[in-house]
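My structure is below; once you've seen it, I'll send some questions.
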Amino acid sequence: MTVRVAVIGAGIMGADHARIVSEELAGADLQVVCDVSEASARRVAEENSAQDVSTDPVAAIRRKDVDAVLIASPDATHASLTLEAIKLGKPVLCEKPLALTSEDCLAVIEAECAIGRQFVQVGFMRRFDPSYVDMKDTLCAGKIGGAIMMHNFHRNVEAPAGFSGLMAITNSAPHEFDAVRYVLDAEIVSISAFEPKRCTSGACNPVVLVMETSEGQLITVEVNNNAAYGYDVRAELVGKEGAVSLGGLAAVRVDRSLSSSVAYAADWRPRFHEAYRLQNKAWIASITTGVPAAGAANAWDGYCATAIAEAGARSLESGEKTRVDLAERSALYDPAGTAA
Amino acid sequence: MTVRVAVIGAGIMGADHARIVSEELAGADLQVVCDVSEASARRVAEENSAQDVSTDPVAAIRRKDVDAVLIASPDATHASLTLEAIKLGKPVLCEKPLALTSEDCLAVIEAECAIGRQFVQVGFMRRFDPSYVDMKDTLCAGKIGGAIMMHNFHRNVEAPAGFSGLMAITNSAPHEFDAVRYVLDAEIVSISAFEPKRCTSGACNPVVLVMETSEGQLITVEVNNNAAYGYDVRAELVGKEGAVSLGGLAAVRVDRSLSSSVAYAADWRPRFHEAYRLQNKAWIASITTGVPAAGAANAWDGYCATAIAEAGARSLESGEKTRVDLAERSALYDPAGTAA
Amino acid sequence: MTVRVAVIGAGIMGADHARIVSEELAGADLQVVCDVSEASARRVAEENSAQDVSTDPVAAIRRKDVDAVLIASPDATHASLTLEAIKLGKPVLCEKPLALTSEDCLAVIEAECAIGRQFVQVGFMRRFDPSYVDMKDTLCAGKIGGAIMMHNFHRNVEAPAGFSGLMAITNSAPHEFDAVRYVLDAEIVSISAFEPKRCTSGACNPVVLVMETSEGQLITVEVNNNAAYGYDVRAELVGKEGAVSLGGLAAVRVDRSLSSSVAYAADWRPRFHEAYRLQNKAWIASITTGVPAAGAANAWDGYCATAIAEAGARSLESGEKTRVDLAERSALYDPAGTAA
Amino acid sequence: MTVRVAVIGAGIMGADHARIVSEELAGADLQVVCDVSEASARRVAEENSAQDVSTDPVAAIRRKDVDAVLIASPDATHASLTLEAIKLGKPVLCEKPLALTSEDCLAVIEAECAIGRQFVQVGFMRRFDPSYVDMKDTLCAGKIGGAIMMHNFHRNVEAPAGFSGLMAITNSAPHEFDAVRYVLDAEIVSISAFEPKRCTSGACNPVVLVMETSEGQLITVEVNNNAAYGYDVRAELVGKEGAVSLGGLAAVRVDRSLSSSVAYAADWRPRFHEAYRLQNKAWIASITTGVPAAGAANAWDGYCATAIAEAGARSLESGEKTRVDLAERSALYDPAGTAA
């Protein structure tokens, strides 16, 4: 069985997903590329030998020759397009965030619960990154004892003009929130946000977040969208008997000019290239088998990431430690639960 | 267009190739798995949803519903099966070695030259390993000046009983010969083989090879098939202004028991997992386009690796520096040449 | 001129200092080793060929044949012994802390100010560790742009029974407070203390501290006295254009049993061996020249470290961000100031 | 007891030794600095507070107020000055080489044997480098099984004009010969020298040496005096069960401009700074105790290094594997032997 995929959105992420569906996956066809800009849709479709193009996302989702929907359109459209696909019973891989607000995330959850089945995988691709998987495996194998702390660093070369510490929390930090929840299998219950006063605007707007989990663990996150030196994601998990860190992944080391160096990428794509491929492969397999991909983020995970970001934004505003209040989790998302 | 592949051989390598064709490639179907052991063929076919099984490689190659042949059967069968495929005009991806002797390699070359077209890609997968590619790119970009030396280390955990230094040269070192030729775009013209007297049999049989290239470069290779500590492949390329080395690729680092450690794999598959996938992807693409995969090893490269190994074996026997005498290269294999 | 040194205290630190004075320094004689336990004093004196022993610290300090005093006795005695030495006009190298309370530190400062000269160097040896010096030099050379954040990790193998998060702040964290102040040339103005609820007693009592500096920088510190895996001190300084981290300092790397590893020391001495030697060498030189050692911690630095720890302890108690209120700094300690 | 030292030679090495004797050692006085250039002698003497200067090395050695002699004058003078000191019964620390020819080395050995006592320590400082010591300890502790191979890399930034591959063998490689002999406690019995034809003159003159030991081990050495990128010394010792390599020793790592880098020094001094200090400290201690420093190179070791270099030079000339023929070792140099 071949899964016919509609990719909604032909921007950077959409183009990358179209390429993965077309070139890197067995059992998937790139049926249609959709973008409000017909030129963009056409360009990405041609580059990846898609069957067709569209400028109407709802129409693209509704096509009879589309089995599954990959949403990589602007963030504000994620929730409504996801709801459209659920209404049609079509599986969705939705780029993060699932929705801009936790309320809108809950609407997706309600739609799934009403049907009693999961349709949505959220694009927190780090859950498929071999190094995060290895970190979690190391913890689960008991090699570092019980987890007590986790330190995370998220650095981009340069943020768009006008990017703020608040946006670091709402746009970038959710990847960290989800990585923490994935590795620890614990919920984040409080968040305290800090900004260096020296740089809270323009080209210097890092934030440091301190979080507590339901298991009494302490988490730190630095998000630095203007780190300048390179795209760099680090994480260290500290247990009672040891620690495990993301490794170095440089293909080569160069010695010249009194320096031994390895390169940083300019953005996230080389770093998470394999994670995206494996994520999308697992999504296609889940459609074929009808069982949600093991370890993947579901709509509940998407909701939590957005809800934690909202609490983080409030903490940045108030300067106080802020509780993360979550809705009650439906049994549909029980870890041991399976899709009906 | 979907390429229907016959995988010949259902051992470790064949099973891995069957999995890659079935699960990791767009545009390829695993048509038939062939092994002299029907049980093996059936097991690998089932695990990878192949259409059919076979115990007769020639018959499998001749099937009308087979477009291309991936040869992973015992080394002694490589040349004759490759010739069979060429006779039928079917493209081949042949695991190394192309043949056990340089004479048999030349027979394959003659078959291709008689038709005037390349059909064979040899499975020197390191040419698709991102770190070797990056090493070559670093050289070509002029970052280390002109290449003058290259140091290579090839270590396995444990060799089969009875493995000898001679076999290290004929079975393992060809990967190194090809990697050197690929990175340097130079021919190997002499080879001197050394064995530590302390261990020339049984579970300790390393060899050290010193080679000269047509460009006046000096190459060292250690092949240590009983290195015990892990599967470890290293290379350093030294230029007039700098050096470039294969990087560390550990997914995670673990701190415990007064030690900070990264893991070695027990065999080559995790290390070259991505190289195999990209190699096979390039092969499938080359079939679709009709143009040999850029950077891939062709029959000439397969011949050279075997011929160098033969010279290395003579050097080990004589204790002398030994010249590598190669046949004249047909224009079919000119670097700038294209398949007719 | 040879400086005749009295080492007060013959515990772990005192024994190490006696050895350094006796074996590693030019221009210094180990005149007397003093400890309330005569046996300890005698043992350390013999091991290091000291001229004499004593069980009375005040008498040892007052000896005519003692030019300078190195205080490594129990923390509670530091301030009063330091005051005794100042009264006699003898230079002091006082192990951290200068005193248990900021009030007692101020008494030392008052004694120096009354005379109008610095007598005290505080044993914050990291200021002489080549890696911290290199980090500061990298910042000052403009290689990473202006400093905006610093992340510090302080891990011991195992704390004494009964060690608490509070003690992590008052006993261990001062090394971090001083390292931050040294590297950044900035004052710490607020501190927020966090403990993972999962482990706030017994063999698991880490704390995480978030601090702000007078220059608007954000600092994080993890102190984990039961890290189990090894003695490990890390620091990363983040600037607007780059970052600088303490390097790896392993003498050798060992490959065995599917693992590539470097060793951690069991305690701080191997890690800071060179720092102690250089610190003590600079102290002896400062006595000879009469000019305080460049970069060394003075009484004011000792006071600040204790005052920040007190604020940290209050924050841990209250769960709130706490301001660090410092006394006014006397001109005696102006960075550009020199001893009269 | 204070050892009064004459430093002969006020060039780079002599100045460094004068500084170490004056500033870094307990129990030693820098009595006299001697150089044929009085200006040089005077400059180094003043910088290091020496008691006196001299332009006559023999006179300096003969001074009554000189207890021990540190020879850092031009290589051609080493043997005769060493013999002068032996004649007077004064201990010598002689920079490598002990002599320019193995014959001259033997003359020193004869002088010692005639008296029946060792007077000479040769400045192969790597024997005191913590990483080589750690490598040897790792081997002796059985952590890597029996040693079977060792790979060594010796790279300088730039050689003086006119430096040749031959000089690489006679001037630089002896450090490697001695390091191998020290780590393995084995003799080198044959040597094969190779040069990349592409660069055998001027600013490109590396050599690769393959050696066999008395224990049947295989050794490779690359000497590259124009490596351009930095001063870099590496070694890996391969055992039957594992391997041990010299570690990375960078004080800091800098992240900037899409690169993560650590620095190389421009010459050997920062790399072996600690080795020189510990070597000289052990020498002073050996004078006080009358027992040769444990692990230090003696005259026999100095002879072997020169004799191996001579064999290497012959191999480079002939292109053949060349046997290292050593004189018979006097019992004075038996590993278990002690100075009479």
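Details
For reference, chains read A, B, C and D in written order, and residue numbers begin at 1 within each chain.
The criterion applied here is as follows: contacts are C-beta pairs under 8 Å (C-beta built on N, C-alpha and C of every residue); 3 or more make two chains touch, one makes a residue touch a chain.
Fair warning: this is a prediction, and the values are worked out from it, not measured in the lab.
Common partners of subunit B and subunit C, by the touch rule above, are A, D. Distances between chain centres, each the mean of the C-alpha atoms, put C farthest from subunit B. Note: centroid distance subunit C to subunit D, computed from Cα atoms, is 37 Å. Centroids built from CA atoms put subunit D at 57 Å from subunit A.
In this assembly, the C-alpha centroid of subunit A lies 43 Å from the C-alpha centroid of subunit C.
For subunit B, residues touching at least two other chains, in rising order: 228-229, 241-243, 250, 255-257, 262.
Of all residues in subunit B, those touching subunit A in their complex are 22-26, 28, 130-131, 133-135, 138, 143-144, 241-257, 262, 274, 281.
Residue ranges of subunit A in contact with subunit C, taken from their complex: 145-146, 148-149, 151, 192, 194-199, 203-204, 206, 208, 210, 212, 215-218, 220, 222, 224, 226-229, 238, 240-243, 319, 321. Subunit C makes touch with subunit B in their complex at residues 157, 228-230, 232, 250, 255-266.
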